[in-house]
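In what comes next, chain A is part of two complexes: it sits with chain B in the first one and with chain C in the second one.
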Partner chain A sequence: MFTELNSILNATPDSITQGEFILVSDRQSDASFLIHHFLSFYLRARCKVCFLGLVQSFSHYSAISQRLGVSLTQAREKGQLIFLEGLKESLSILIPQETTTGSQAMDFLRDPTVGLQRLYEFVRSSVSSDGGGEEGLEEWGPPVLLVDDVSVLLSLGVSAGAALDFSHYCRATVCSQLQGNIVMLVRCHGEEAEDDGSDEGSEWLLKGLTHQCSLTLHVQGLPTGYCRDIHGQVEVCWRRRRGDGQHTQKKLFQYKVHDKGASFFAPGTSSAVL
Partner chain B sequence: MAAPVNSVGKPSAERPPFNSTSFQKKTRSKLISIPGTRPSVQNGQLLVSTGVTSLDYLLGGGLAVGTVLLIEEDRFDSYSRMILKYFLAEGVVCRHELFVASAQDNPDDILQELPAPILDDVAIHKPVEQPRLSCEPQDNLDAMKIAWRYQNLPKVQCALASSSRFGHYYDVSKTMEPEIRQAAKCHRFYLPEHPTQSSTTNSRMIESYSALLKSLQEAIHREGFDLSTPMSMSRNILRVGLHSLGSALWNDDLSCHDDPMHSHALTTFLYGLRALLRSSLSVAVVTVPSHLIQDRALMGNITRLCDNAIALESFKGSERETNPLYKDYHGLLHVRQVPYLNCLASQLPDHKDLAFKLKRKQFSIERLHLPPDLSETVSRVSRGELAGAAAVASACGSGTSGNKHLDF
Partner chain C sequence: MLSELLQGADTGAVLIIQDSCSYSGQHLLKSFISAALNKEEPVHVLGFDVSEEELKDGLTASTQRLHFHSAYTDPLGWTNRSAFTVHQFCVEELTHLLKQTSHPKPVTLVIDSLSWILRHVSPPAVCKTLQQLKKGGAVRAVIGLLHADMHQRGTVGSVCHLATSVITVAPGTKGDEAVAKITKRSKSGKVTQDEEIFSIKGDFSVTVVSKTSHAGRRQTEPEEQQTDPTANLTFNIRLSDTEREAKEKLALPFVFSKEKKTALLQSGPGSGRILYEPDANDDYDQEDPDDDLDV
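Then we have the complex of A and B:
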């Protein structure tokens, strides 16, 4: 959890806005540090978190969350965190074994034209609380879905339309029905005005998700080039305000990622410059 | 003033040996100690050497176990192949196991071309008799007069099964001797020899890649590199070298067509490779002929699925070969991606403009240094045109229109 980012977004673990769809996107950069922020933030806020970790192993997220002060293994044992380790599940499908065990969530690898229905069903079963009423089962807050990241699905052959359908279904279930939050990471490559038709899939996906979401954080490199002290810039854009009637509001920050967090500052006020 | 031998000899003999004190260094029993590896100073990751010490430095100390290094080949596949051979040769010297896959050349041919290590302190079958400590007098070995403090240290570094040094240097003018090479266990995958089986698996990954992935998984399971097997015996590292993936010889049409039919075959394979490597003690180097792949977005996807990525651009055959400014170098090296593993910040390289030179005993990677222009008229072309307009995909990279803007 990055404290400066919390103050930028006006969010604290004690009071979170519900029903938000947060889109984290990057272009020629790596915005995964924001996913770690949101993961530790929502775990601290005692929400029930469903994390689709499709690109890295569980120990990677666990080691980083340890530095941010949250233990993923404990959260998983207590039932607060449901983690889909994409890499591990995919092996049994990519290399066919005699006995296929494990969840069917990664079934799209078998035939990506089918779509992400199984993945959505996995998400739905994770976030819908069982109720139960058992003693000792702690009550968690609203459900949160974190996806890291959606672009790897495009690399694996899923069409952009199927990914957009998946995000729409998730939004209907998690945000509208259960009043939870969604955070998705989309990664783009190349310039925005590229129209050679090659990157259509991820540009469509980015535009479609930007249209659906309520808050975007777009991470980019500095337009002036590579700098060791300033790792890039983040553009925060609030798209919808309920009841306020305000228009979309944008803010630009520069950031630097440390070992245990990230610091955000106004452009030009980096400690390396001042 | 040097003390006489008698009076000095006694205190050293009466000094109690160090292991009798109560102070015990706290050893982390969880840390696996495998020859040829060392933990990273930044985040404790287990690192292996790529065989090229300057490349190790660029990647943050070495190649982390469980990751993939992607090398975008240069036009004639000379230097990328050289780095692959360095990587495999380092595996032989460190007694790691090798897995070589190729569709073009027989893996045995690649293995026969491995460069010879410059052995001064690597203990091989034939003992190399050279004294370890230079300050030790050659003649009187029983009692040391001057260097008496070294009396209790062993004279020759104990013949370890593998070398204790992290990176080694190789002499590319000679090939590795067969007996050193045959000491290392090597698994081969040569595509033409592999029977094509009708696969009932998904349609996204073509047969050659499925067969390769399956063969790699079998090797990992059989030889016990899996992390899930109990750590009872000594562990070793598996070094995987995959040559020229994505080329037409792997039955992949990525490099042939603008709109390939199997556009997701290589990316799906790389995803499976990442899954395999993360769950085992192995490290992979993959070379891809990126100059044949027209789709930059696809290349971006491929880069993102690998952890480390570098691109080589050699001057051979281009106009830059005769450019006097580049006479010291053989080509440019671009670092496309450096991963962050188990920590938030990655170790980005200091400089983006790097050039490499293959010398006989070293593959050196240096910052591109243009000599000062001492002529009266300005004859040099501007820097922006020299370095090319290649977009660097880094955390801060977008210098395509860098001519207009300032560089930090």
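Then we have the complex of A and C:
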């Protein structure tokens, strides 16, 4: 977890805001370092984490989390982490064998027009606490759903509307009903087009998810071009506020990703410049 | 005009609040709900976008007359626990829903949001339902929230065409202020347009800060101090009064002023005179190479 990002978001592993829908998005950049941050952060906060890893294997996340000080294998064994390995599961659907007994979460690969109801049901069964579980199970905190990433579903044939329905249902279950948090990654390529909304691509999906979420972190490259010491900028936007402070609050930071973390600083205050 | 709309609509009014990703119209919608509740009118809310707790959060008015029909938990029937699904958005179902709770006063129906419905029900069907609600008499007024950046312009245009008033909200220049562009169609057919800057307080009451955008711009100008470029320097580039006079009197060397022109035209005493007689060889035309041929 990145300590500077924690102070920006006013969150510590001991006191997390519940019921948050955090949307991480990027445009022509790679925001997956934020997913690693949130994964290690929520595991440290002793939350029950359901991770839909649709683009990378488990060992990939495990290796990076090791560097951030969290062991995913241990968390999975203890029951704190439920990991859906999208790549492996999709193989069992595309090449069905008699011995495979995978979950039906990736069933949308058979027929993408059906929608993501099965995936939602997988999420729901993962995050809801098992009432009469085995003894010796540790009590975990509020459930957290992490999705990496939602836009790959569009490439697999799922419509953007179905992806929005899926995220709505997840929000209704995880955020509102169980007071947990959701972190979703959406990736856009290309310029921000001024399209009508007729082309239901990743831009439209990003807009739809932005309307649903309570906090967005938008990662982009620097507008001035490539820089060795500054890897890009992050725009943090708080959308829903309870009580006072009705207006949305936006803050811009620049960041640099290191081997064991990332540092965030106000624009123009990079250590390379000062 | 925003205050008039908040005060109350005539029967058969359809009010659409258009918002975008940069500014959410949810708070303005809550202000309308709060205003209606304060007038002791019953309000029915079709909640798709937000849960009941989130909608009621912060509403200080008595929520006794607020009836929330939750379409948030299960709008598509996936968990078979739905109170209201998106496919139930038609006049028959809505009238049935509204009749379940009887009121002496006419009902205001709030739809949060229309965008959710438009994603699953075809726009012509939604328009038909809205029109029937407008003419029907089951409700006195319909207030809907529409995320304009989520639909094609044609869809947004069709739905707003049905509306008697459309409020488009956008973020303002200052922190908690927003700009509202209001279009109102009266029964006589007259269309009035207005642009106001407003802010919403914690109890969801709306304060209109200024009427038009021009007034808004004039307001910000005197507040921005003109930055003085001669301040905070390590050297002095300010001019004293005598220095300023001398500067203005100075004739610049290569400026062709009137004095110089007259001096050149009238040759002074003793200056040479130039007499020019054009020579035949001088008349070389670049364009015509045969000009010097003696033909």
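In the analysis below, the second predicted complex is superposed on the first by the 258 of 274 C-alpha atoms of A that agree within 3 Å, B and C clash if a C-alpha of one lies under 4 Å from a C-alpha of the other, contacts with A are read in each partner's own complex, and residues count from 1 in each chain.
Throughout what follows, a contact is a pair of C-beta atoms (placed from the backbone, for glycine too) under 8 Å apart; a residue touches a chain by one contact, two chains touch by 3 or more.
As the structure is a computational prediction, the values presented were derived from the model and not from experiment.
Novice: Under the stated touch criterion, which partner chain does A:His211 make contact with: chain B (first), chain C (second), both, or neither?
Specialist: Second partner only, chain C.
Novice: So, A:Asp165: does it touch chain B (first), chain C (second), both, or neither?
Specialist: second
Novice: After lining up the shared chain so the two structures overlap, which partner does A:Ala63 touch, if you call chain B first and chain C second: first, second, both or neither?
Specialist: Touch partner of A:Ala63: chain B, not chain C.
Novice: Now for A:Arg187: first (chain B), second (chain C), both, or neither, which partner does it touch?
Specialist: In the superposition, A:Arg187 touches chain B alone.
Novice: Looking only at chain A, is it chain B or chain C that touches more of its residues?
Specialist: Counting residues of chain A touched by each partner, the higher count goes to B.
Novice: Once the shared chain is lined up, is A:Leu274 touching chain B (first), chain C (second), both, or neither of them?
Specialist: Neither chain B nor chain C is touched by A:Leu274.
Novice: In the superposed view, which residues of chain A touch chain B and also chain C?
Specialist: Comparing the two interfaces on chain A, one with chain B and one with chain C, the shared residues are 198.
Novice: Considering the complex alone, what residue numbers of chain B touch chain A?
Specialist: 43, 199-205, 210, 213-214, 217, 264, 267-268, 271-272, 274-276, 278-279, 295-298, 300-301, 304-305, 340-346, 348, 350, 352, 391-400, 402, 405-408
Novice: For a test of understanding, state which residues of chain A touch chain C in their complex under the given definition.
Specialist: These residues of chain A touch chain C: 117, 120-121, 161, 164-165, 168-169, 172, 176-177, 196-198, 204, 207-208, 210-212, 239-240, 242-248.
Novice: For chain A, which residues are in contact with chain B within the complex?
Specialist: Where chain A meets chain B, its residues are 28-30, 32-33, 36, 56-57, 59-60, 63-64, 67, 87-88, 90-91, 93-96, 109-112, 151-152, 154-157, 187, 189-191, 194, 198-199, 202, 220-228, 230-232, 257-262.
Novice: In their complex, what parts of chain C are in touch with chain A?
Specialist: For chain C paired with chain A, touching residues are 21-24, 26-27, 49, 51, 53-54, 57-58, 72-76, 78, 115, 119-120, 147, 149-154, 171, 175-178, 200, 202.
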